[in-house]
């Protein structure tokens, strides 16, 4: 049995709070159970140098964890003088996922940076980040429309993500930390709201996985994604 | 007139939420108006190398700002590869202030690190940090007592801090961002709960200040501190 | 038609040269067409600090590209003062892939580091690195057996990797640089010699991909992997 | 009794040597007893980027200690790859203090950098630095007047600084190293030549201090400052 | 007797392979016995900022060693976050040596960077680097002539380098690693093809050396250089 | 004619001031004309890790330039976050030169670090550093003898250094900055007091140099060295 009597294919309670902080153009606190990530979207009318003059926009992301988001304290990356490999990997994934649902050419020379800062970490921080960042980005684009800087929203739809895993024979959806540590295979799936795949990253931590197991993981992810997408839409409808 | 019709000697509404996150031994969200700082205290049974074997404890602090805590985005220090001078100055101040109210010899070889991370910044982040960190540290010591690792609390009392400033002829207490930017003199005062001074840092940003002005600033700070101390005690009484 | 009249499911000519340099315990130059990576395995009788005293071994990897492995010169990471996100991501992937086929408990407190340095880059450097590193690691374990430090080889089998991609409607195996740049979806697949999956990383660079496309990509990868595995075995049989 | 039979309110012998090195536009060796700091002012016709085009100038400062300025060798900051928190705190203080006595708008787009390098450290290096830097800056402005680049001196007066402290019940002025280490409270006071305050930084190292003690410290500082100001004027009159 | 029955004044077998990699404008693998260095020359139509607008070109070099070029693994400089002193010293030497045989004014505003990466290190990597880089640079200039960007080759001749050393009473030419470690004096000599000196760097590792010994070392170097020059010319004639 | 009517083979006025600062075990200000370097020798009873337990000592050196030692301000290396290639090259040369005259086995497990900090730079800072550091090191060893930690001085003699150069046809000894900038060839020579060579580093900045020119440079250096050695001995005799 999973913690809190969760069914194998059940995602944790999802809570998406918009306008969580006052200054960002999009500010979302996303909660997947005990995992809490603050996603702040910033608009800058200035693209990276290599993109200047092409009339296109850019979307990027940064990721961080507060030192005590975790059970024991993690060293502050600013103090150690560099971002670790895990941080870089995650922020690159978030940024790619967001760009996959944006028509960069329709943005004009504007850059959106979404900062995903983990307040509390109980597994699935990267997938929660993507799911929350999509909403924060939507709010940022809306503010550009309201201020007359954009005519229409360049987002092609929402993007959301979930982790799934194999624990022994069981396929579990939306792993929390204790499950994630014990899983043989851990897979992060990023999808569009119409169920197409943007990113699939499956890793065998213990035994390699078979084709059939991969299929089962994807099916579980697909179901989880549809619940997350619904939560995103509900939050934006408020 | 001050924003929100505040009186010159009035501090902003103070809110202190304990157990804000789940894993830290002390976790406090402190709010001074729109300034919000998360103060997480971590206990480690391990002192810095230079202190080992002396039977004494240590208290330290780190400070950070989320990139979009501010009106425009600030570059992430982890990405730029170092903590700036302002960050270092503030975290050294927080740490000294906390140590001033702790009997390090009575702690045993334990280290407490308080991470102060600014979620939203509207002036006075360092003074809010000190005021919140004192409560988080108290909770951490309480957990050591409850687990039987300490017999009595090594804190000699609370420490709190407030900023005061001169705006033209006016002495203002607990400056928010727009006031802080305009002030001629800005002073941070750190005090014990019985009104003695731990740290006084006054800086003339515009005109130098006179002895009389310094006296008026200290008087205003002293009144503000007593309100903050009351809020700390109320929070811990819950 | 693909460059050099390759069929869609055909891998490039693979060449695996063992003992390429003189000092490493395993030294392999792996070539996938014009992509050339030198994989040097080093044995150290010393595990990372966090693993000491557990009687287990460790396998890790580092990845680098010579500045002019690419069409235009890439800045030397040693000169810029840090390894980029792409480098970190790749070396973490190589290391995980290698560990997936090793029984760490059977190694004793020994560490193997495989350095994968790209001499020439024409797409697929990470998959070539994994495929070559597996052979270099095998040679390193063999040297431990020959010197009497290990009784039996702790490798459970070979690991190899290939990239596959969607270019329009076509599923292509083992992408070279011009194909990789143009592909809508790029997927790296790491497998054991008996066809189980260790790592699957698919990314939509353009349009999101469907479940059917994912299936087709995996099928193509599986066929490519079997050819690479054969090349690894042939090389080790020499 | 203090070392060298100093009275409690007596500053150490002050020596200010102008034109100490040959190339800087202002070069001052300032000595407060055994504390020796070389203050070199550099003129550059180039302001920081964020100030360009506003017709205003800028004054900044950097601080360093030779590795063996101290009783035991301190690690060279250039070798450890970053400036420590104490260094940053001090150089920010020096720079603010200097700017407080300069009319930046009257400078034109010129930047003055004062490098304060401690040759020998026996307490009070930051206050000696400020006191010496004021003279070096005055010489640099004079050279701009002589070369016709400025019509009149934009300095509003001199700035000087002194440390005062509480050792038990005693208020001591201009602490040397052994006194500083033992003091309960240490306060640095920066003043204009007409006795107004630019910066007041008091820190309780041991017991918190009372309002009365603060008053006594300020009075002692004020007397010390007047002697330092006199030394600055005498040096510039030569 | 030297390893492989080499005579005291005999250089190791030299092999210079041009077009070793596919993309660099000049790509040379140079081998001095077991020492193997890949020298890749890159052309960029862009000079360093301080040289812009003067109509002159620039030649620079970078040096690196693959971690397992050596008998035991050397830490990767990209991972440790900086280039060591030895690396910097060597790349500055290579760059100076190359510039000494180029008429920078005749190049136009073009920059050539030669990357010397050591694949296998058995002593004399810096001298092999210089000798190989000269050929790679020659090929790069030739490509500029062929593409019509230069009318004539701005090289005044070849540059080559050799190490010589004193081992007891013996003067040895082109030291390999075991000899280099044991030598009392080690000297690197860089010469033009007509026997003039560009750089002489002699270091007493054990006993200081006399004027007569210096003369003997230079004579041996001069003979070695003539053989290396011949090998360079033969390679370019192919 | 040279500046100040110096003859071609004449060194600048040399001044060696011992006990220049108060805390270092050896503290020497060395002046070669306008070049002034402070050389502070520190004794630590602690050798580098790789040398521990061998009963041998170590001598090392660090080099730095105050930002305004030069005609225009040089960026502070502590602020830029790393030591440049020139700094590393020089401090490695100073350290090798000092070790060449010390019997490390006779030192016991003691380390001497000589910090050479350039107060004013007018050419020849590395050669002045070596010449001054030799005296500072001698004083440090003397203090070890006086404190009973060493029985006899492990120095085999003094080491000194001079720069010589070719300016057109002229061989000049002890170049000052304007000469150094204009020289075709610049050579630094480090010698023992009995005229044997420790290090010879000759570099053609313009035209390559011939064997005859090298001979003339060495002869001039040899004469200069004897004068510097005399100044060292005179200083130590005081």
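Every chain is named by a letter (A, B, C, D, E and F) in the order it is written, and numbering of its residues begins at 1.
One rule holds for everything that comes next: contacts are C-beta pairs under 8 Å (C-beta built on N, C-alpha and C of every residue); 3 or more make two chains touch, one makes a residue touch a chain.
Predicted, not measured: the structure shown is a model, and the values here were computed from it.
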Steps needed, at fewest, to go from chain B to chain D via touching chains: 1
Other chains in touch with both chain B and chain C: A
Chain C-chain E separation of Cα centroids, rounded to whole Å: 33
Distance between chain centroids, defined by C-alpha means - chain A, chain E (Å): 50
Centre distance in Å when chain A and chain C are each reduced to the mean of their C-alpha atoms: 28
Chain B: positions in contact with at least two other chains: 81-82
Ring of chains, enumerated from chain A in the sense that reaches chain B first: A, B, D, F, E, C
Chain A partner contacts - residues on chain B that touch it in the complex: 21-24, 27, 34, 36, 38, 40, 42, 44, 62, 64, 66-73, 76-79, 81-83, 87, 113, 115, 117, 119-120
Chain B-touching residues of chain D, taken from the complex the two chains share: 82, 84-86, 88-89, 91-92, 96, 100, 187, 191-192, 196-204, 207-211, 214, 218
